[in-house]
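Okay, here's the structure, questions in a sec.
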Amino acid sequence: MLNVTDLQSGYGEMQVLWGIDLEVKEKSITVILGPNGAGKSTTLKTIFGTLKPWNGRIEYIGQDITFLPPHKKVELGMTLVPEGRHLFPNMTVKDNLYMGAYLKRAEERFEDSLELVYSLFPRLKERESQKAGTLSGGEQQMLAIARALMTSPNLILMDEPSQGLAPKLVKEVFETILKLKDEGLTILLVEQNVFASLEISDYAYILHEGKIAFGGTVDEVKESEEVKRAYLGV
Amino acid sequence: MAFVEQLISNLLYGAILGSVYGLATMGLSLIFGVLRIVNVGHGAFIMVGAFIAYWMFILYGIPPLISLFLAIAVGMAIGLAIYMLVVKRLVDAPELASLLAMFAIGIFIEEFAKQIWGADYVGYSWEIGGVSMLFTEVPFTKLLAFASSIVIAAVVYVWFRKTKIGKAVRAVVEDREGATTCGIDVNRIYALSFSLGIGLTVLSGVLVTLFTPVGINVYMGGEYTLKAFVIAVLGGLASPWGAFYAGFIFGLIENGSYTLLGLIPGVEPFGLTRFLSSVVLMLVLLVKPTGLLGGE
Amino acid sequence: MRNYTPLVTLLLIYAVMIAIGQGIQGMWQPIMLVIFYIAVGQALNIFLGMTGYVNFGYVALLGVGAYGMAVALGYYTDLGLIPALTLGFILAILLAFIVSMVVGGIALRLRGAYFAIATIGVNEGIKYLILGGKIWGGSSGIVLSGILRKAYGAETMRFLSTVFADAGLIVVAILSGIITMYILNSRLGYGLIALREDEDAAKVMGINVRRYKQIAFVISCILAGLIGATAWTLKLTYVFPQDVFAINYTVEAIVIVMLGGAGTLLGPVVGGLIYALLKYYLTIAFPGMQLLILAPLLIIVILLFPEGVVGYLAKAARGTRFEKFVR
Amino acid sequence: QQQPTTPAPSGEGKVETLYFGAPISLSGKFAEEGKASLEGMKIAAKWINENGGIKVGDVTYKIEIKAYDDESKKENVQSLIERLATVDKVKFILAPYSSGLTLAAAPIAEKYQVLLNSHGGASDYIFEQGYYYVVQTLSPASRYQTGFLDMVKAKDPNAKRLALVYEDGEFSRAVHEAAREYAKQLGFEIVYEKTYPAGATDLSPILNELKAANPDVLIGGGHFADGQLLAKQLAELKIDLKAISILVAPTFTSFYEALGNKAEGIAGPAQWEVGVKYSPEAAEKLGIEWYGPTQEEFLSAYKEAMGEEPPYQAAEAAAAVLSYAKAIEKAQSLDPAKVREAMNDLEFMSIYGVWKIDPETGKQIGHEMVIIQWQNGEKKIVWPESAANAEPCYPMPTWDEKEGGATCGS
Amino acid sequence: MLLKLEEVTKRFGGLVAVNSVSLEIDEGEKVGIVGPNGSGKTTLYNVISGVYAPDGGRIFFEGKEITNLPAHERTKLGIARTFQVPRPFGSATVRENVAIGAMFGRANAGVDEALEMADRYLEMVGIYELREKEAKLLTPLEKKLMELARALAMKPKLLLLDELLAGMNPQDINRILDLINKVKEEENIATIAMVEHLMHAITKFAERVVVMHQGSKLIEGPTMEVLNHPKVVEVYLGEKLKIG
């Protein structure tokens, strides 16, 4: 579904990604692991288009989307749950969700999406008319995922969705991600929670200093003591 | 008797003037609200609108009401051009960098206008009669200015509040990166808001001449820039319709207080009305630091 | 650690400017014009550059300073020259101090653009109070040259309005630079940077945000008052409300700060040089067209250096041996 | 016609260029006046050059105007004056437009001891500061509205109720404070006097009050924009008066364009006007010398350059140039001090009228203002009688009459 | 007793974010504060550090009432915190950021001293090599480390950490926990409160745990005891802890 070849990018003069190759299969969960600062978020941002690629090629459902601006990618069914949430703080929860369904394609499915989202996160329904900026950290994270779902995506890029969530919710989030997969979505995940994410994922990549240090099925990761010790600190 | 009559007459004119002030500030608020740009060149665009009204009337006899449409079109085109050439590149620069750019653009427009139109003070005379109301005479042109301002402000309100694109504008204001993940083309929203802001401003220039059809000059904008700033803050700064209400109030204070201040011996009441507006501004900000409609 | 070396650069620039002004015929007034703009930028920078708050009413402080000096010289000639001048400086400082304390007390509670525009209101308020209340001659202003000539003779008056006024302005300009440098290297400066970046976090960091803003505001305003007293009252020998409260000086000051780089020591100097010299030579070369040409040039500069020329140079110089000299 | 290009073969004499300096407003709020002034100067210079230049000893000087744009800003004026005095070595400077800018120029001119000739700075106090090198060509502010009051008095001794509504600025305040005192001497009763701040966009508060005061005659105004506004709103609020005189604005053609026939009957003081009767013959009658182009020459030269009739700013600037030429020739020296001295008892007439200064202050005392009035779509000179080319239209038609199409001619 | 809250309440409109919470922290304690998202932990910090004035109740620090003291004065008394969402002084360098803490915190250092301290603490948290970078260019994690250094440089008596470890990988978490323990000994920061959702960190760090729920204090006591309490498992953990 998503094919990334030799992706390079960075900030200003500073190169962060030094040629990333990765593949995301349809209806799968793929996780990118790696130490802090390895370039995981940068990879997602570059794929989504928040950052402009310096080099390489990004292919999505057979199309070359390397230099497509982000909003075009959303139209093609890709979206990002960014690190740091990036909600609309002075808009209500409901309006945040409404904005998620901004594009025509998503608007048509507004009611269905809303139902799905509220069933996944009943808490959001309770807080429907509260301003997003005043939600607690965890509530905000739920809203961020929920809003992404409102775009009725096929591929969701998630940057550390479990960060800052209470243990009970972390579990729920990972369960949610699994459920999303069951709903037919494809997920590219960046996580620090190594155990939980390996638990739900099908494929895993390990990023180290801007390069892919390892790529394969989850089982391969689990089997490789070396990988675990060298890159995952476990 | 004379006192009350004068007060009422002044308030009437104040209300009309205020509606024009209000509209003349909406564009400023819109641009500030969305792009955080303090358009110090604001008045130059009002001037462009005033000249559009003037030339259309003088050359082709087109009444200013029709020029409104031309003005918003021209304004939006100018706005778009400025956005593409300059503002787009400064979106991520420090806030005041764009202030400098708008300052330069304001100067450029004035000086360019001077090259083609000269620095003469001109005016036009569109006479369609008037009515006696509330102890004074009001020309229909002023009433038209009043009505148009209200209608246009209402249209902008509805656009902003009720349409999807209006909401998208708000979303972009709140969080740009978040907006992109919803599929919103941020660049387009910026371009639209900026050009609409300039369009409204140019359009308000036409209404300004409906109220005051004389004294049209390439440097006429400065006065309006100042007032628009004050009104914008009074209204909550980032809120275009807040600006509209505030303009209204501002007009009422400016004209309404005249009669009262005239009771103080040994002063120039007209000068003091301006002083009073500043005092009111300070008081409002003291009580409500985000302006009348701010922070909603 | 603390770095005062950029002062060397600063003083060097002044020395070169003064040498050019004195050495080349006809360059003195243009140099003074440059120094006027630099001073105006420098004083504004202490507040705007370091706190991020825009004081649109800045020109009001030049105005009250100008009036302070004019009132002393115009209404108290009996005192004799030196006492009247001294009184003038005291009044300029005092008025600027009072206005900035009051305005700061009220307006500094406001954030961001609200503050900026509240201060426009202050400027307009003071102007119209003088006009409407017919204070200090109202719109008739205070015209000093005749009074000075009568009281102290033509020679003294000429000395005052040329040599003394210019020297005074240079002193104020350099003083502003030194104060800027001092602040940049002091706890005050660090506190200001913190509150500029995140006021709430700064509070939790232990910074008395209100007081720090107020201090920077008052310093900036007093310097502005002194500029008004020297560059306007003494040099031009008259004060009219419409002139001294003209908001375009504020805008020009902001432009200068931004051209050079906000919050830097050399920013206003470079900004002032660029702005004033461009304007002056364009005036000579294309009378009547200079602004038309200046405007696009300004836009190009800001597009190339959105953080100002010095802001850019300081970044470029990082890690080189020039680093010490640019700030 | 003369031969314009070939220098006069004056035998032995050298021909040199003499620069007159001019910081003038080509941008900013005085741009329009500045542009007209500059053209006036150029026409005068050209006439001088074509008519033998200025002869000092056996050198013939051709005049050239060295002009810089001061952007209507005081701090620019100072550096430009210095540049003119030192770099361009100009000894004779035509002051910038407006009293404020002239006042800013004066200390620097004194410093470099170059002459400063005010053609656009009317305020009296410029000349009360004791500057030696500053002289005035135009009539001072104190004289602007007095002629109009004389005229009303002459036409209608019963018109007593006078109102003053003017801009709160140094110039118009000086004008109207002098006018008020003069009016009292003439026996007028001041029934209303108020000012409005510069830049006002609505005068209705004042005018509502004015209406209640029920005056016969109104004088007021300040500059262009507010003058137009004052007239416009008098019309809108239908405040009928027997006579109105407004500063500055009515002297411009755009005034009529802006107001249409509502301008009918509105008068205003002018330093000069197209159609004034100053001519070599008039000069001869008065026994003073005539110098400079004739009205017709001036008019056609200006029209050719600018495509419109000259406003008075052009004539007064031209007169300033002529006065320099005349004084230099009289002094037979290029030393500003000597030229200034020669000016003390210089008296001549030009298109602009008589030029004569008070030796003590440098203030203009020879020149007289004229009163113009819009009549039937034309600007007519109605006062003083010696200069007039039309009778005053008094009382002016009411606003309702004008709405019905009435003009001053009908 | 270092810090004492007496029935502190904070409302936002109709929502009671902190509901009559009484709490005591003794000198030298290591307290963990946990609770579901939105249970009022951050708000509690905000009230303690002076960002919000409480709507009811009183706060004491070292026996003195500080309920109405402005934030900056509380800092001077020795309360320091980090922010859940990092708040760096963006255009200042990392080093300047930390130095600001040293200057205005309880450390009250002069400029030179503060800059030296900054270097030391940056070294300590492991981002010394980033010290000349503008703070806004850091990754969220680096920002958090910088905030830790900044808070340490203030030499506080009470250090309030708000989800400092969120987003860190297991290696880093262990490193930072060790660091905090070390600093506590060496730098005389006797008392530390830690809001965290990472149970392995809480169990490793805290001696005592306070559980918040819907604005109120649900329960408090020794760490393992509390975390195994059925109520806590129900509202917060979802399932019994595997560790310990």
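Going by the order they are written in, the chains are A, B, C, D and E; count residues from 1 in each one.
Here is the rule we go by: a residue touches a chain if its C-beta (ideal position, glycine included) is under 8 Å from a C-beta of that chain, and two chains touch if they have at least 3 such contacts.
These figures come from a predicted structure and were not determined experimentally.
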item	value
Path length in the contact graph (chain B to chain E, fewest steps)	2
Contact-graph separation of chain A and chain E, given in steps at minimum	1
Chain whose mean Cα position lies farthest from chain C	A
Centroid comparison with chain B (C-alpha atoms), farthest chain	E
Chain C and chain D: spacing of chain centres that average the CA atoms, whole Å	37
Centre distance in Å when chain A and chain C are each reduced to the mean of their C-alpha atoms	51
Interchain centroid distance [CA atoms averaged], chain A/chain B, Å	44
Multi-chain contact residues (two or more partners), chain E	none
Multi-chain contact sites of chain A, meaning residues that touch two or more partners	none
Where chain D touches two or more other chains at once, by residue number	27, 168, 195, 197
Set of all touching chain pairs, with the criterion as stated earlier	A-B, A-E, B-C, B-D, C-D, C-E
Residue ranges of chain B in contact with chain D within the complex	2, 5-6, 9-10, 13, 17, 58, 111, 114, 118-125, 127, 130, 135-139, 142, 208, 211-215, 217-220, 222-223, 254-255, 258-259, 262, 268-271, 273-274
In the complex, chain D residues that touch chain B	27-29, 31-32, 35, 168, 194-197, 199-202, 204-206, 208-209, 212, 224-226, 228-229, 231-232, 236-238, 249, 252, 254, 257-260, 262, 403
Of all residues in chain C, those that touch chain B in their complex	48, 54, 56, 106-107, 109-111, 113-114, 116-118, 120-122, 124-125, 127-129, 131-134, 138, 247-248, 251, 254-255, 257-259, 262, 289, 291-292, 294-296, 298-299, 302-303, 306-307
Contacting residues of chain E [partner chain C, same complex]	49-51, 70-73, 75-76, 81, 83, 87-92, 96, 99-101, 103-106, 110-112, 114-116, 132, 150, 154
Interfacial residue positions of chain A with respect to chain E in the complex	11, 35-37, 41, 83-84, 123, 130, 134-139, 141, 160, 163-172, 192, 194, 232-234
